[in-house]
Amino acid sequence: MQHEVFRFAKATLPAVVIPAAILFASASAPAFAQDAAPASDTSRIVFNTVLFLFSGMVVMFMAAGFCMLEVGLVRSKNAATICLKNISLFAVAGVMVWLTGYNLIYGVEPGGLLGSFGPWSANDQRILETGYAASSDWYFQMVFVATAASIVSGTLAERIKFLPFIIFVVLLTGLIYPIQASWEWGEGYLDATWGFSDFAGSTLVHATGGWAALAGALVLGPRIGRYHNGITTPMPGSNLPLATLGTFILWLGWFGFNGGSQLALGTIEDAVSVANVMVNTNMAACGGVISAMLMTSFIYKKTDLTIVLNGAIGGLVSITAEPLAPAIWQSLMIGAVGGVIVTSSVPLLDRLKIDDVVGAIPAHLFCGIWGTLIVPWTNGDASIVGQLVGIVMNAVFVFGMSFAFWTMLRYSIGVRASVEAETTGLDRIELGLEAYPEFANR
Amino acid sequence: MQHEVFRFAKATLPAVVIPAAILFASASAPAFAQDAAPASDTSRIVFNTVLFLFSGMVVMFMAAGFCMLEVGLVRSKNAATICLKNISLFAVAGVMVWLTGYNLIYGVEPGGLLGSFGPWSANDQRILETGYAASSDWYFQMVFVATAASIVSGTLAERIKFLPFIIFVVLLTGLIYPIQASWEWGEGYLDATWGFSDFAGSTLVHATGGWAALAGALVLGPRIGRYHNGITTPMPGSNLPLATLGTFILWLGWFGFNGGSQLALGTIEDAVSVANVMVNTNMAACGGVISAMLMTSFIYKKTDLTIVLNGAIGGLVSITAEPLAPAIWQSLMIGAVGGVIVTSSVPLLDRLKIDDVVGAIPAHLFCGIWGTLIVPWTNGDASIVGQLVGIVMNAVFVFGMSFAFWTMLRYSIGVRASVEAETTGLDRIELGLEAYPEFANR
Amino acid sequence: MQHEVFRFAKATLPAVVIPAAILFASASAPAFAQDAAPASDTSRIVFNTVLFLFSGMVVMFMAAGFCMLEVGLVRSKNAATICLKNISLFAVAGVMVWLTGYNLIYGVEPGGLLGSFGPWSANDQRILETGYAASSDWYFQMVFVATAASIVSGTLAERIKFLPFIIFVVLLTGLIYPIQASWEWGEGYLDATWGFSDFAGSTLVHATGGWAALAGALVLGPRIGRYHNGITTPMPGSNLPLATLGTFILWLGWFGFNGGSQLALGTIEDAVSVANVMVNTNMAACGGVISAMLMTSFIYKKTDLTIVLNGAIGGLVSITAEPLAPAIWQSLMIGAVGGVIVTSSVPLLDRLKIDDVVGAIPAHLFCGIWGTLIVPWTNGDASIVGQLVGIVMNAVFVFGMSFAFWTMLRYSIGVRASVEAETTGLDRIELGLEAYPEFANR
């Protein structure tokens, strides 16, 4: 999501990096669209602003998608709590991106490590140069930050207290996410020194959320009764239709997430790129669904809906680092591997006794890494070394900071709900209500 | 939502009304964007039309948001009935805005009190002057009117009969709403004589819905068993995940509701304004969530999800009267006060034995009044006197008309469901089905 | 959805075909908008691309709408399976439209019968002529094809095995739909020879889905216990709030479905047409809701929510063949008849022992035919003969092919779930899980 320079680089990219002779012809750059009369300054700025605002709106809706996915995958006794966490984290993220986040991301020196602290305010004095309304860009970044926080809530569901979770969201959205994002999207040192490439955030958003979730899961420990004598007790989600709805909403939101990350819509090249990005994004999701569907059918002899849902998400995360350069068949493959990763790593986590309630670590962290690593396959400007450096730096910083913060929270206010609350359900103890008060439990 | 004149006034507003030295710098008007080449007539008209249509679509989706919020907050025995009411009211609103509503709103003389009666039809002969497709504007107005009707259904749930509710929707959307809206958005006497200011309808939409709901609640009385010997019996909502989903949908829809109320997108100034409006709208919702979250945590020692959800809505309603002029911190404050209002007035209504099933009166009426009153704080063109006159006129007219109509309905076809229907559930008696026929009740 | 030629024809249409003196004045063509400065090539192409992408996104969301509608109308023991089918079919449709679908639709010779086989790839070399990014058009077509497949899953719910269903989706989205669509939208023989007119697919999308569903229902037979001794046993949907949500999502998506089918947004004429299309689309849905509401109230003395929901869909399908030409009152009437068709044909199907779980055949097939037949009433360019030929050709081809494929599947891998699976529920047997594992059944 870098501005200006990165954008123009991308616009001329496909013609260079994709040989015409690959299996199926790839998206061709409309080279001689240069003959077309350009949009006026006003139209260009309105187009760019519209891209940020309308894409941002569907990305905002992903907050609802995560909420539905998670509420569907927890047990009903914790369903209201997960709703509360999801709407609260979105509110907190909005405030923190204003207070510190945005200026940490974009206030960094070129090649630098740390941006500036302080609240953001819209400044449109240079709009003819930036090409978009300042607020539209802020809005788009804000919903991205919220996405990372949404990822965390799912993994830690059913056993974390509300207050430490919200405090962690403050730290994640106001500090951790912005600092690591600045290294790349703020044109800091990952971008300047290492040529790290992450179009819409396989690493910067999704692995970030995943590392923060993993650190939390380790500090928090598994749910009571989850792992016992080497046996994993299934704790099935209470409302799979809502989990499915959430997945569809996320799929929809991803068109804005990746499409909007083109960051511009005022030229023919940009419009073509946004369209290509959306098609590749869809293809990767298709790949994730189909590979998860086939794998669960063959391995377990049952087509497991929850794994297929996570397959879609895994495919989407996988393409997010580079949704522009791939040919369609490549997008399908990249997403399909994402589906394989999700399907095969869910049991792995259980073997390690890492209790990830909704499967967010496989989908967002593992697929985020995979998607970032595979970028050089389709985008010749990226190198495997640069990608590895980016992945490792993100891992060290986000996991390290998160683990430290979670540990501090653990030994101060405590992170784990009481045994009584966990057994009875967080809803009744922490919220004093129930998600489905009339429906009898088996 | 006034056209032309009002819009240009707004575009040059921020530079005038917001001193540069307030706590955090506010959105600055892109003054020298005047140097930019303007959009062509065609592009300008397409941009404006797109704003109406795409914003209108997310506002239309708010009908689903209200439906989910309400269905989640009623008991399961009345869940199908509230669904039926919500989809029916949207259909009725569409017909009434065509038959009488639109021409009542916009057919009023400047400074006048009553528009013209008769069905609307699209006329694009003056499109170069108006700057948008006539149908796009109609569509945007129609979804606004439907919003007001959606507010009413929640308050009166679980005890009102279907037929009188639908008849009231006919009167509200075809008569009451349009007439009062014409006084301001039709450039009638509230706008011309009093300089009343209501950007997107804190008063004109939300308080209107709230007054109509309050009148209905008074005529209808509380649910059986709700208030007894000074004790309020809780009747908790049956499906809080759906209520949460509804709130997220409303939050999303509000970006179209307030953003689209800029009414134009064909200039840089307009694009900047739409973006600023959307950021402020989000900030107010954040404020509402956070203040409701803190208040319920401290007062009740439980973080009550349903109050937090209403806090979000209260924050959104509060900013709706002026989402353009405030600095970000002001938007946050305005919304936070909305959250406080919602949290503190829910028990107040119960003390008055006004049974508002979903809490719509605090969120839409009280916060609507608050949002309208606070406009002069951030918008120097508005006066507290003008705002008070607008609020009072709206109150007198909408509450008076609504009370009269509800009373007439009460003494003609009756408004209250039979005791049997209310006890058994409206779904089985009025609809002959159940919302969740397989789920056993406790 | 034909390109270029068809589009220009439409832009000048209303002025020709609609006499000024009909009951209420109809949408007037902005004839002298010709004086307006046109958009630049760049702006025109971006506008067109944006129309495809943003409309396509809400049409994509219809996949979630169908899923929610269907999951709400099946019994809870089959709810997870219908979710799995809906997300899988969307993934399969994406792949098939890429592999064969798109080139079958648009690779046909003018007046021809069969397009070319082979995968699609984006080619923007002629973008100045086509006027849109190739990928944006592909995306828009893809979500249309998925819609047809979504229709089928509802009718066949609760008794079809997963694998044959997915195989049929492959055939429907990769072969059946594309071939019949090419006859019209690919400018094949239905368009060239018969002047068949189907703006957004009453026949090409909805009747296609309906015929495929009907063929499947006949081959599959009714659910166990559905029809016995001349009595139809009601099998009520398990979650009507989700069915209502699904209907609202479909209603929203239809604005993209019909509005985007204008296929262009780069001129004032196009913007006006898109706006008019959206208003007419809404009016038809209103008509469907209101007529279903009135009919069920008068006939059954109960206002049946599920029929009202299908009334909305029936109204929307009915207007889809021609949402541009009608005056508003005509749209309302066309949709109202759709609501009557839905209400009256549900019992008819039961009498014929055709078990259509969600009522998709009345809503999509019968209303699709109705909507196609009524086109000449409002669009003077269409003839009743041409419409009949299109309907019959579509019926013969889609029903014939579908019946053949379903029969082949029946006698090879089998289509019908085992008696045990159907009785216990497909979720437990085929998926090994439950949609609502904690909620006790009555």
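So that you can tell them apart, the chains are marked A, B and C in the order they are listed, and the count of residues begins at 1 in each.
By definition in this document, a contact is a pair of C-beta atoms (placed from the backbone, for glycine too) under 8 Å apart; a residue touches a chain by one contact, two chains touch by 3 or more.
Just so we're clear, the structure is a prediction, and the values are computed from it rather than from any experiment.
*Asks:* When subunit B meets its copy subunit C, do both sides use mostly the same residue numbers (more than half shared) or mostly different ones?
*Replies:* Homomeric contact, different residues on each side for the most part.
*Asks:* On C-alpha atoms alone, could you tell me the rotation angle mapping subunit A onto subunit C? Nearest 5 degrees is fine.
*Replies:* Fitting subunit A to subunit C on C-alpha positions yields an angle of 120 degrees.
*Asks:* Taking the mean of the C-alpha atoms as each chain's centre, how many Å separate subunit B from subunit C?
*Replies:* Using C-alpha averages as centres, the distance is 32 Å.
*Asks:* Which residues of subunit A are in contact with two or more other chains?
*Replies:* 39-40, 43, 50, 54, 239, 245, 436, 439-440
*Asks:* Any idea which subunit C residues touch subunit B in the complex?
*Replies:* Residues 24-33, 35-40, 43, 47, 50, 54, 58, 75-76, 236-241, 244-245, 247-249, 251-252, 255-256, 259, 265-268, 270-272, 274-276, 278-279, 282-283, 285-287, 289-290, 293, 300, 302-306, 308-309, 312, 327-329, 332, 436, 439-442.
*Asks:* What residues on subunit C touch subunit A, complex-wise?
*Replies:* 39-43, 45-46, 49-50, 52-54, 56-57, 60-61, 63-64, 67-68, 71-72, 79-81, 83-84, 86-88, 90-92, 94-95, 98, 119-125, 127-128, 133-136, 138-139, 142, 162, 239, 242, 245, 430-440
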